[in-house]
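We just call them A, B, C, D, E and F in the order they show up, numbering each chain from 1.
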C-alpha cells in the first residue's frame, strides 16, 4: 500500500515535491508521518477506484480552500494541473467555494493559486 | 438572475424542496435571504459555465461535510443524485473528505447520506 | 466579578435561562464550568466598557452563526432581543454572515432564529 | 492492521457500539468506510506506541469538542471512561477547550458529556 | 449593482486597496472573482439598508478573526477605521472574540490589528 | 489570579516569551488583552488542579493544530518541551490529530514543530 501510495503521490504532486518532502522528513520525527500520509491517504484513498484523479484534485482544492491550508493548497494546485484540471476550472472551483464558505476563502485561494500558476508557467 | 437561479435551484434540489423553502420564508424576515441565495448563489455561481452541475454537486457535498451543516447536506444529497452523482461516488467523496478533514467528518456525512438515500429510494 | 457576571448574564439571557443553566449544573461536574463562564466571560468581558450590550449581542450572533452552535445561538437570539437588536437587524447580521462565511451558515442561522423568534413572540 | 484496529476499537468504544456501527454499515455503501476507519484510524494510529490510550482519549475529547461532532463525542466519552479518564478529568479537558476554542465549545461539550455520563451510570 | 458595490467597496477599503485588487486581477483568471465579490458581496449585502457601515465593519472584524484570514483582516482593519470604528473598539471586539472563539483567535487578531494600525498611523 | 497566571505562564512559555509579549503590548491597545489572557486563561484554567501541566500542553498542541494557529503553536511547542512532553510524543499527538482533523492539519503542524524544535535544540 505504501508503494502504491508513493507512485500515485509522485504522479500527482511531482517527483521534486515528493523527494523534498521525504528528504525533509528522513529523521525519526518526520518519517512516520510521511509514511502514514503516503500509505493511508495516497495509497488507501487516492488509490481507490470510483472517482477519477481529476475529480479527486477538484475536491481537494475545494477542501483545502475551506480548511485554510495555503502550504498544502499550493502543492495541490500543481497536482490539479497535473491531473488535467484547467486554470479556468480552478477559478470556478474557488468561486463555488465562495458561495458555500464565503468570500475570504475564495479570495485567499484565488490569490494563492494565481501565484502558484505563475510559478508553474514560468518553470515551463 | 433571480429567475435563472430559481430555475437551476429547482432543477437541482427539486420543486418540493424549493417550494417548501420559499413558503417557510415568505415573510419579511426570511424572503430577502431566499432571494439573495437564489440570485447570488444559484443564479450567479451555479449558473456559470465552466463546471458541470455534477461536478458542482460533488464539490458541494465535500464542502458541506467539512462545514458540518447536516440540514444543507441532506438537501444536497438529493441534489447530487438529481445531477447524476451515483451512490458509490457519494461514498468515495466522503472517504476523500476523511483524508483531508478527518474521520468524524467522514463518518457523520456517511451516516446522514445513508439516511437520506434510504428516504429517496423509499419515495421512489 | 462572579456577581457582576451573574447580573449581566441574567439581564441579557433572562432569569429563566440562567436559573435553568445553573440548576442543570449544580453538581461537581458542571458547577465549575458555569462559574467560569459567568465570571470570565460575562463578568470580565461582557462587563467591560467600550462596546454597548447591543453591539456585543450583534457580534455574538455573527460569531455563533460561524461557530455553528445552534444551542447557544438560540439563547443569544433572545439575548439580542433583550438588548434591543431588532428582528430586521438579526436578518441583516445573518446575511452579512453569508458573505463572509457562506450560504449554509446564513441559511441555518436564519432558520434557527426564525424558530426562536416565533417562540419569543408566542410567549409574549 | 484491520484485525488490530478492530480489537482496539472494541476495547475502547465497547462491543455494543462497534457491533452497531458495523451492522449499520454492512452494505456496499458503508462497509468500505468502516473498514477504512478501523484499519487506518484505529489500527494504524490508535495502535501506535508512544501515547497511552488514556492520553489518546483525552486528546480525542478535546478535538471532537472543537470539531463540533456531538455524535462522535458521545461515543468517545464512553471510550474515555473505558480508558481510565475520570469524570473530573473530562470536565477539566472541556474547560481547557474553553480557553483555546471559546465558551460555546466548552458549554456544548459539557452538556453532551453530562447526558452521556448519566446514561453510562444508569446502565451501570 | 456592480457600480454600487464598487462605490461602497472604495469608500470602505480605500481607493488604493481596490485599485490594487482590480489591477492584480485584470486577467481572465481573477476578473470574474473580483466582479463577483464587488457585485454580490459589496453591492448586494454591504449596500443593504438595516445596518450601519460601522456595524458591518465591526461584524466583519469579528468574523475574519474567527475565520482566520489575516490578509482580509488587515484590509478590514483599515475599513473599520474608515467607517468610524475606534482603536479601543477594535480591541474590545477581539476580546469579545476571545470569549466565543478562544484566546488564540483573540491574540492573533490583536497582533495583526496592531501592525496594521501602526501602518495606518505612520501613513497619516 | 493575575499573579498566579503570570507565574504559570512564565514557567510554561519561558521568561523571554512572556517578557516579549508583555513589552509588545504595554500600550492601552494591547495591555488589557495580555491581562485578560494571563488572568483568565493562565490563572483561572491552567492554574486549576485536575490535569497535569504535561497533559494540558498535550491538549493545547492538538487544539492549536486544529485551530490552525501557527504563531501560538510555535510558542506551545516550547511550552510542551518545558512541561516534559517528548519530541516523540509531539509527533504522536500530531498523527492523532491527522485521524480526527485530517492530513493537512497533521502535516502543517509537524512542519512547524520541526522548525521550532530545531530552534530550541540550537539554542541549547
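One rule holds in what follows: contacts are C-beta pairs under 8 Å (C-beta built on N, C-alpha and C of every residue); 3 or more make two chains touch, one makes a residue touch a chain.
No experiment lies behind these values; they were computed from the predicted model shown.
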Joint neighbours of subunit E and subunit A, given as chain labels: B, C, D, F
Remotest chain, subunit D as reference, centres from CA atoms: E
Between subunit A and its twin subunit F, rotation from the CA superposition, multiple of 5 degrees: 120
Farthest chain (mean CA position) relative to subunit A: C
Mean-CA-position distance for subunit F and subunit D (Å): 24
Distance from subunit F to subunit E - Cα centre to Cα centre, in angstrom: 29
In subunit A, residues with contacts to at least two other chains: 32, 36, 40-41, 45, 48, 64, 67-68, 88, 91, 95, 98-105
Arrangement of touching chains [line / ring / star / complete / other]: complete
Interface residues, subunit C side, partner subunit A - complex: 98-105
Of all residues in subunit E, those that touch subunit C in their complex: 40-41, 45-46, 48, 50-51, 55-56, 58-60, 62-64, 66-67, 88-89, 91-93, 95-101
Complex contact set, residues of subunit F against subunit A: 68, 87-88, 90-91, 94-95, 98, 102-108, 110-111, 114, 117
Of subunit A, residues touching subunit D in the complex: 32, 36, 39-40, 44-45, 48
Residue ranges of subunit C touching subunit D (in the complex, touch as defined): 24-25, 28-30, 32-33, 36-37, 41, 64, 67-69, 71-72
